[in-house]
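One structure, as structure tokens, below. Some questions next.
In this document, chain identifiers A, B, C, D and E correspond to the written order of the chains, with residue numbering beginning at 1 in each.
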């Protein structure tokens, strides 16, 4: 498939937003979106991890195809992601201990963020070349970051009002996510040549 | 913890439902529940992976050093998912296509790792089996409940069988992403309302007694 | 700022003035009450120390308490009589403070027989400052901050201009207005005193354009002296707040948490300067002040010259209250506190007594984020968010993120709020809670 | 003691004066301002539009009342906000929209769209648009079934789709449209004609209300007039509509300059679809818009540009609703990024 | 001790994983291929009614054809279908194009004899349910592909305005999806029709 980079970017950032349209990365999206600061940091870390692991996964996939060992794809991707997260953790720890203290608790969670694995799998299934893969990784993770930041700000706002006890918690978050998702439907068709 | 109260199967099935209580594995919960068939297929696939992972983890648990615990569990889960992937493909390509990427993504479904870590790593094989089965069936049940609402409203059918005749106007929304969010929210609200009512009903007699005494 | 001729405040609100009731009434003296209650703390800073005994006879104008340090001012006897007792008395804020009770002699002529002349032109700035402190004058615009303290700018700050506040932007109040109309010479003389103490060549008197007669009187009295500029400004609340006034007149912003001296200014109220101009040449003390007694529920509203320490009850008896009277406010309706007792004495900081009729409490709606409060806030704060945070007891966030401590409670936000949310009240509570939290 | 008779005095908190506006008064006047537009709609589309508007208004008020009561709270319908939501929802629907679907719209707009968040003042998104977005996603066919204005017999005959049976499809409208067609009026809106058939319509007649569309979006002059009334009475913020309309006009103009054949001129952009109605009455919903002065400009311009982007590049003919919903979603972020600089601030105040 | 136990553990886990994965892969391999072939055969049969035998070709970038043995192969493919007598019924080609929501991919049947498209079916799409997804099942729309002329550029036209045999009568309300179908066919035809013509003899023989 020869998709232009612009299409890939708009498509995975807005139209098929990872969180709001494809339902990937739901656990952190629902679980870590109550505070803007947390959400923002999580989003940025995810962008970093996804981009790095996407690049690594691209190389690994080339290797697997050459060795005719495609059946090891899933397991090797998982290992790559776990390794990337470890690596990120170590880099941040070295580079900025302050940032590490703030992010430390979220980093291991990224391993089970399905968006990370999904990027690696999708870019393989869609036969993206290296540049396409990287753009895809950046925009898809950017979409995640955008969605979680928007949700966190909206949730902080809702926190200031008197939400009925019935709706407090996950139900309200889901309703907000649903409305956000409806709003993002407005972008549909933007990539297409109408 | 007494053995009678702590039935791992029943706990996973409803009390600690992965979908409605623990909010684990939200991605497939919302993504593949636009039809009952997909929901059940996904649920069964996840159950299979859960049971397999739980049993494997439980049987090797004493050999696993703490440092590589998570890595080992993930590797086991990935193995189980790869196996499931092949099996589903062998059973029906249609179902395989319907579940799409979410079949492979079972490996990062938090419910797998959560059960391995929280239960299978500490319990014997038979109890872990029951826990995996319970959570798996609970997950399937939750998915089916979501799938039912979404399919009935979104397509006017149940398991592909038309319910309201050809003139029914489907609520397309429920097949789309917002419908997934809103259906889960609806179920949660319903449970909250029910719990609230039950709590009030329980509180009312107590209040009456206080008045009388 | 002066695109349209007259300088003006762009934020804030236009409040109905209600000044017509008293603006044209000359200042009249109120009869002496039988008992005066002179609190020792009528000013910001340390309370004064009593220098009289119970039972001692005092003459009107005689010092009865001395300043306790630099951040304090002396008190003078407001009437000739006998010190009945020195005991706690209720104050406008509700708490009890020590006061000197003076039983006025009914037959006394109440002439001021105290003091002696002094020539300012022969005095050094420090001597002028000491002389100002000796008069016991504090900010008469309401803040009651000791005036002489402002004459000594903090280390490293120099003052280049004196700003005189003749705005009186609070509705109903007309004391400053009448003082400017009737005592322009004293105002100007007081201005020169502080200019001399500060060694400043320039002064600006800002007067709102709804007091044309005051502007005319000042201009006439100042006809031959260009060093004091009289500057009309468009009437708008809260232009009388010093932060606002210096911004409007000179375009300078007093930094958050800072003083006018930080931007080279010293700000004084016209009534304060009129008193200095009046008292300083004869070494007298502050014993009375002009108070506007007004409101829909007052039968004889007016601008009264009232001896300090006169109980509120006496003032209301003399001015007359109608049956509708329900709430009494010391000061203007925007910022003045409502009092809970008739027995509190009027002090140096009281600019007016406002008697309001009964009013049903308004329905309070939820905040609809209409941003009316954001648009009027003269300090460019976000009262809307502050109010929402206050309802959730998030006082710390209010201070740290939303600059709560910059708020000077002008109440513009509460005034415009269509949801009737008592924003200012929330902010007062929040500030108090923050102080308590820090104290712990 | 002649003066002081009152023995009980009330201690109140300052300020002791209050401005002339109150929430219910503002809301009431917004309803007044919407009524002429509703009347125009009834003139254009007849009994169907009238019943639809009455139905959505009553539906929203009733939903709010019943939901409040079920929760054991005082009913909040007296603040008129539910009536506004209902009117706006009705005005954004096609005149022949099936009433049973409109009822669902009311339910969604008020229950999850507003009361779930805590009622008036708490809704992060404009409730009417939440209701409409739900309907758009749920019934994409019915909500794009527009009918011609000024049809013969419109005052005594319903548009056939209005009365579709609950849960059932409405009958196709093509025959009916062919039967009542008036000169110059087809069922398609100018935006749909432009997007899918490349037929350009003259913008000025649209400004005077001569076209098909949602029941309340056509009388441009009336919308501006009614909005102007609210602005003059200080009941509406003028910055948001001005920012949104200029954002749309300028970005539409840029598109037009780049490719005059594919993209319409700015006047067409301004006068078509729900842009005027949305910018005047929905983008200005104070609850869901930023409070900071700079934020309002950013918010307005952003929504205007988004509208044009969706219309010109997206798959939909109309983008106002999505643009406003996205603007609502972004408004907490905008508020956060555009804090007013406090008087005398020593350093630039809080970025992110 | 600990490093030994880590190695032991990881070794054991890799062993288990390896055995399971390879086992599952071996056990299911044949069945998966059968399934895929069944699906492909069914969809070809649906596009070319009466087909009895089919041959799969891979299309090389230089336009050459290679005979395929597995449907799993990478790259563009082409399937030739023959009836009982071994006569060529048509070729089935792949096409894809960006639709309203995401990429639509489809198979269509092309009859080189009449130079017409004679069948069309969507393989994968995410178009709006109720609107765009009508391209998969709307009878009126699929009727377009019973005999669609390819001698002129294929275009989708507004519903009810089809006049020429090379036009596609679009679904009302789903103009974008319909146009995407038109575009994908036109694009694929311009690319593939010459290749089919060039190798027509070989395809008709259907043996290699």
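Here is the rule we go by: contacts are C-beta pairs under 8 Å (C-beta built on N, C-alpha and C of every residue); 3 or more make two chains touch, one makes a residue touch a chain.
Computed from a predicted model, the values in this text were never measured in an experiment.
Participant: In contact with chain C and with chain E at once: which chains are those? Just list them.
Facilitator: Output, common partners of chain C and chain E: A, D.
Participant: Please find the two chains that have the most C-beta pairs touching each other.
Facilitator: Counting C-beta pairs in contact per chain pair, the top pair is C-D.
Participant: Could you tell me which chain's Cα centre is nearest to the average position of every protein Cα atom shown?
Facilitator: D
Participant: Based on the averaged CA atom positions, which chain is farthest from chain E?
Facilitator: Most distant chain from chain E: C.
Participant: Using only Cα atoms to place each chain's centre, name the chain farthest from chain A.
Facilitator: Following the centroid criterion, the farthest chain would be C.
Participant: Roughly how far is chain B from chain E, centre to centre by C-alpha average, rounded to an integer in Å?
Facilitator: Using C-alpha averages as centres, the distance is 35 Å.
Participant: So, what's the distance in Å between the C-alpha centres of chain B and chain A?
Facilitator: Their C-alpha centroids are separated by 22 Å.
Participant: Suppose each chain is reduced to the average of its Cα coordinates; what separation in Å results between chain C and chain D?
Facilitator: 49
Participant: Counting in whole Å, what is the centre-to-centre distance of chain B and chain C, each centre being its mean C-alpha position?
Facilitator: 69
Participant: Which chain D residues touch at least two other chains?
Facilitator: In chain D, residues 112, 118-119, 121-122, 134, 137, 140, 315 touch at least two other chains, as defined above.
Participant: Could you check chain A for residues that touch two or more other chains and list them?
Facilitator: Only 71, 75, 161-162, 166-167, 172, 175, 179, 182, 185, 188-189, 192, 194 qualify.
Participant: Among the residues of chain B, pick out those that touch two or more other chains and give their numbers.
Facilitator: 75, 78-79, 82, 86, 172, 176, 178-179, 182, 185
Participant: Taking all chains into account, which pairs touch?
Facilitator: A-B, A-C, A-D, A-E, B-D, B-E, C-D, D-E
Participant: Can you name the residues of chain D that touch chain B in the complex?
Facilitator: Residues of chain D touching chain B: 98, 101, 112, 134, 137-140, 142, 164, 167-170.
Participant: Flag every residue of chain D that touches chain A in the complex, lowest number first.
Facilitator: So the residues of chain D touching chain A come out as 71, 112-113, 115-119, 121-122, 124-125, 130, 133-134, 136-137, 195, 306, 309-310, 313-316, 319, 321-323, 325-326, 328-330, 332-333, 336, 352.
Participant: Quick one: which bits of chain A touch chain D in the complex? Just the residue numbers, please.
Facilitator: Those residues of chain A that touch chain D are 36, 40, 149-150, 153-154, 156-158, 161-164, 166-167, 172, 175-176, 179-180, 182-190, 192, 194.
Participant: So in the complex, which bits of chain B are touching chain D?
Facilitator: 164, 167-169, 171-174, 176, 178-179, 182, 185
Participant: So in the complex, the part of chain D that touches chain E is made up of which residues?
Facilitator: 140-141, 144, 196-197, 315
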